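See the structures that follow.
One chain, subunit A, appears in both complexes that follow, with subunit B as partner in the first and subunit C in the second.
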Partner chain A sequence: MMAGEGSAAKPRGGRLCTICNGRRAALKRPKTLEQICRECFYEVFEDEIHRVIVDNHLFKRGERVAIGASGGKDSTVLAYVLSELNNRHDYGLDLFLLSVDEGITGYRDDSLETVKRNEIQYGLPLKVVSYKELYGWTMDEIVKLIGLKNNCTFCGVFRRQALDRGATLLKVDKLVTGHNADDIAETVLLNILRGDIARLSRCTSITTGEDGPIPRCKPFKYTYEKEIVIYPYLNMLFTYAYFKKLDYFSTECIYSPNAYRGFAREFIKDLERIRPRAILDIIQSGEDFRISTFTKMPEQGNCERCGYISSQKWCKACVLLEGLNRGLPKMGIGRTRVLDNERDKDTRQTNGTKSIESKQCGTLDF
Partner chain B sequence: MACSSGTCQSGCYKEEYSVNDENKTQKLVKANCEGSNGVSARGGVANGHGLCIKCKVNETIAATHPDVTGRGGGDSLRFCTDCFRSNLFGKFKFAVTSNGMITPSDNVLVAFSGGTSSRVALQFVHEMQFRAQKNFDASRDRSLPVFGVGVAYIDESTVLSNDSDRAIDEMNLIVSSLAPPAKHFHVVPTENIYSVDSTARRDRLSELLNAVSDTTGKEDLLVQLRMLALQKIALENGYTKLVLGTCTSRIACHVLEATVKGQGFSLAADIQYVDARWETPVVLPLRDCLTEELKMLCSLDSLKSVEAFQQPRSGINGLISSFVNILREENPSRESTIVRTAGKLTPFCFNRIPEVGNDNSHLASQRRQKKYNLKPNESLPPKSFCLVCNSPLKKPDDTNLDEFYNGKTSAQIYMVACSSCQYQILPKEPSSLEFFYSRLPQSMTALAKDNLNNQKLLRNQIQDCLLSDSDDGT
Partner chain C sequence: MQLTLEFGGGLELLCNSVKIHTVDVEPKAEEKKLTMKHLLSWVHTNLIKERPEMFLKGDTVRPGVLVLINDCDWELSGQLDTVLEDKDVVVFISTLHGG
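Our next item is the complex of A and B:
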């Protein structure tokens, strides 16, 4: 055995892949620090996602599934991998791309171009729903009216609903988003820091909103962000002759440049540096927390104005919209109603100058 | 912030500490009336007049002790020295009484590291005992005995290879100054957990720790050994409770540490007021006090602490404590929020003081106890505990039982450890794992054996059709 290792280390100083033991190792896998070759990386990367899909029964044969596509790396890789796996393992899914156009010049129009190219590259039908057509306002117009403070509140509330509306228009059964393991670990930590036990109990579930009109799921729940970044990078250089490169857009939203870097994200990156498995451990903890099941959930009803699910008389989007249309943009922001508080908490956090959150506003991964 | 937990009873203890002279008070009252004050009593808003928001009479700490300002998470701007002190003691006292931590018949061992938190714990326990003694001396029937107090220091000089003699002398002075009633001071080296002769002990301990390669894992193992050493002192000297100075800030760190290490299931066990997993129940009366508050009390009352051996934390733990420091600077109440969130997780059945039968001898003491939080906990006791960290295991892996009975010792050891300890403490290689196991103190392995036997029993009950495949001949 010793001799074998010695000879393996010889050729040009390169080590052999610890999985196939045949090819030269090309990278240290971020999740496990194993030294593996490119081919094995693709295989384990895609196989893990396949296992997650199968083990958690994410899809049923014949379902129509929309992929929330922002043009960013997560959703682009997700769209590619999902269509690959759908063909390879014959899931029998009808896949669609669903994008939201917030109407942010110089940001969303560019990233939408990326999604349109993806549509052609992967042959997936694309549906774009815009704030302008749904609400009559673009984000540019909203920012012009209310300034750079609180604009993420509007964007976040509108986007959530826009995705659901787009999914309804596409008549899909499920919506998948590109949330990755790092995102989920970060959410677990943030919910602990904020004291939000209700969200803490559900933020690690792979499928959410099963009681709502369109369930959402996260096939990348256990996929490391670093590996999502590496995946297209390697693709660009090698293999898949028919496939040139994954084309994705990476610029932060022009209206929330501060939201991008947060303590929590940096903290997770630091943890990952010392102990890569920490990200998975945090998710594991999130799943294992002993939380008594009868935490009170807001009663679900429908908005009297637009019919969207809402715990209030009007849904949040309608309240905000009413404010915009009546020229009272402060309406619905802040602690006006008791039950609104919870939702507001999120958005207020994002707008703080010293944000502890990091996820870039304006991606579809929320 | 400080009173948000609803434990603020400072008024009740005020007389204890009140050292005002009448003149000063009157003068201040006058001053207060002249300056029409519309000061909001909320948050850490600086009081324009520098008056305590509680008694509205004395000047705040920031005004009287400019040297300690900036500590105590804004308390120095809100409270005067007396109100601050009584508020802090109130939190301690409430934790003690509402959880039945200390009863008159108890013999309490305070773990003293020399740091500020355990220094305050020692001080408060002493004050409680001192008052109990006064009441005892004054009462006619003397029906309530005074609880006993001992102090323990675990000397880790073998592990950390430093010289602790001077620190121990200082601590000795501190403990002896807290009398009457006199307190026994136990100084015990970590290696005392082994019941072999003293040189062999040291070797065993260093061999055990050297077998752990992960920095964080080594640190966590050491914490566990410290607890074993304390438990041993308690057991050998007839102590009935073990008091730790664990404060909110430390618990907040622990919450994040456990989360990051994948110990979400067992986390709730570690952060309650009472942890009766151990032979001598462990109690945390400073659970609601922030480290900044404790530090401030120490500097206000010149409580001497011995910081010489406070090791900076390393690895994952080090990363987390610096993260929590950043969070604290951003928002001083963040630590309390973290602990409150984790406090909502369901605790285990051993997280309360066990009922000690119907012992009528201390009826008087029972009558006086205010047990607010002792609601019966319906959760079933966990089936088994981790060999190394003693955390409740999520489920004994029944599927692997066959492997367990037929498997090697190394496989068996893995089965009685939580996944976190498997990763960061247990050696991966079977022979080094067995060596590691052989170096564990008996008190640990004995527990593991109990665990295994329980699992065996369970298995025998379910599957009596199986041939007895035990090969140990016991």
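Our next item is the complex of A and C:
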């Protein structure tokens, strides 16, 4: 079947695909500037991710792997592609969907519905862990108490732990997240803008937290956001369209987006328009930074209260929770020098595995 | 001429949360053809109810907004200069939120 057949309207531009030379091109790849047809697109898109998985030894046969699923585009496409590749190339993985319910009325309800549909469509077991059951507080309740100003601190700290705890409950060996090349380039820039050179040299790692409870990896590290977004859209005309037209949910988080990150994002998108390779080049720059810092890594220990890894007596989540429960919600996010020092140490507690997870709130991705 | 416009990835929130719009758009009187450039300004005037800066930047879409014309990346058809025809389907998808 030819591309475009059955369409009421004619495709514009008659250029042929530079890969197969037979079908009409449907998109321009940002990575290579090639003009390719949709069939070749699916092939190269999926093959590249397969290569990344194989070349970086992301998984071992027999492993149990949780996919951090937010109902958004990245994790939805990741769940679909990973289960396809697992079957096609016989990775021998047991895949699970893992979602966090922050307790944001209207927002999470809808996106969790999407994840539940994905559970049925892809046949992957789903585990949902909620802030309410883990911490006794929903995000709605936290925001009611502390207002919109500092809630990002809670989101970031709580979500990270919630994923780790969910992964522990599922007894998985690894957690994969949908962070894409654009996200990683953005994080490289943010670490430069914040002067955080120690994190800069680590934030591009494809696998992090190998010393922590559950290693995390990012199979979309080299995958452009444009291609992830277009992937479910391009298939509408085909008979198998029904299967490839992925169901994903998208809307802005109703709680304050991170403005600074927003600027970095926009800057990346502006650069991409002028020179699409910029995204890969920024990642490469991050990878090539090898700066010997004399920062002493804090000793890795466990939180005395909940047992989560922490370099402090109490982990960050427990400090924040203590504040909430004692009616002192600013505890742990205050401005005093002592607390800032604490926080500074605290952000290093996981040996840099945290950097990319700072994508938060604005998107509610992990 | 009749066009089908689809907004996705959160852009539908800018037009009363309606994803698919069937619209009638005519070329400007002095021009014979309807181009994407004209369609964008028509959409801005007639469909976008709030935060137009999420959709447009300068005279084109904001970086990070993908445009498909009849399921084809508009980067292949000349972007703003693409000439539209009756029954064309134009899809706008924001990549900027929703992980």
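By definition in this document, the second predicted complex is superposed on the first by the 308 of 366 C-alpha atoms of A that agree within 3 Å, B and C clash if a C-alpha of one lies under 4 Å from a C-alpha of the other, contacts with A are read in each partner's own complex, and residues count from 1 in each chain.
The working rule: a residue touches a chain if its C-beta (ideal position, glycine included) is under 8 Å from a C-beta of that chain, and two chains touch if they have at least 3 such contacts.
This one's a predicted model, so the numbers in the text were calculated from it and none came from an experiment.
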item	value
Which superposed partner A:Val188 touches (first subunit B, second subunit C, both, neither)	first
Touched partner set for A:Ser70, first subunit B, second subunit C, both or neither	second
Subunit B versus subunit C as contact partner of A:Leu27, first or second or both or neither	second
Touched partner set for A:Glu119, first subunit B, second subunit C, both or neither	neither
First, second, both or neither for A:Asp270, with subunit B first and subunit C second	both
Which of subunit B and subunit C A:Ile197 touches, first, second, both or neither	first
Which partner, subunit B or subunit C, touches more subunit A residues	C
First, second, both or neither for A:Asp101, with subunit B first and subunit C second	neither
Common interface residues of subunit A - those touching subunit B in one complex and subunit C in the other	270
Contacting residues of subunit A [partner subunit C, same complex]	4, 7-13, 15, 24-28, 35, 38, 70, 72-75, 178, 182-183, 225-226, 229-230, 233-234, 236-237, 248-253, 257, 265-266, 269-270, 272-273, 359, 362-366
Complex contacts: residues of subunit A adjacent to subunit B	188-189, 191-197, 200, 263, 267, 270-271, 274-275, 277-278, 280-282, 284-292, 354, 356
Interface residues, subunit B side, partner subunit A - complex	216, 255-256, 258-265, 267-268, 315-316, 319, 323, 326-327, 330, 334, 337-338, 340-342, 344-346, 394, 419-420, 423
Complex contacts: residues of subunit C adjacent to subunit A	8-10, 13, 62-64, 66, 68-73, 75-78, 82-83, 85, 87-89, 91, 93-99
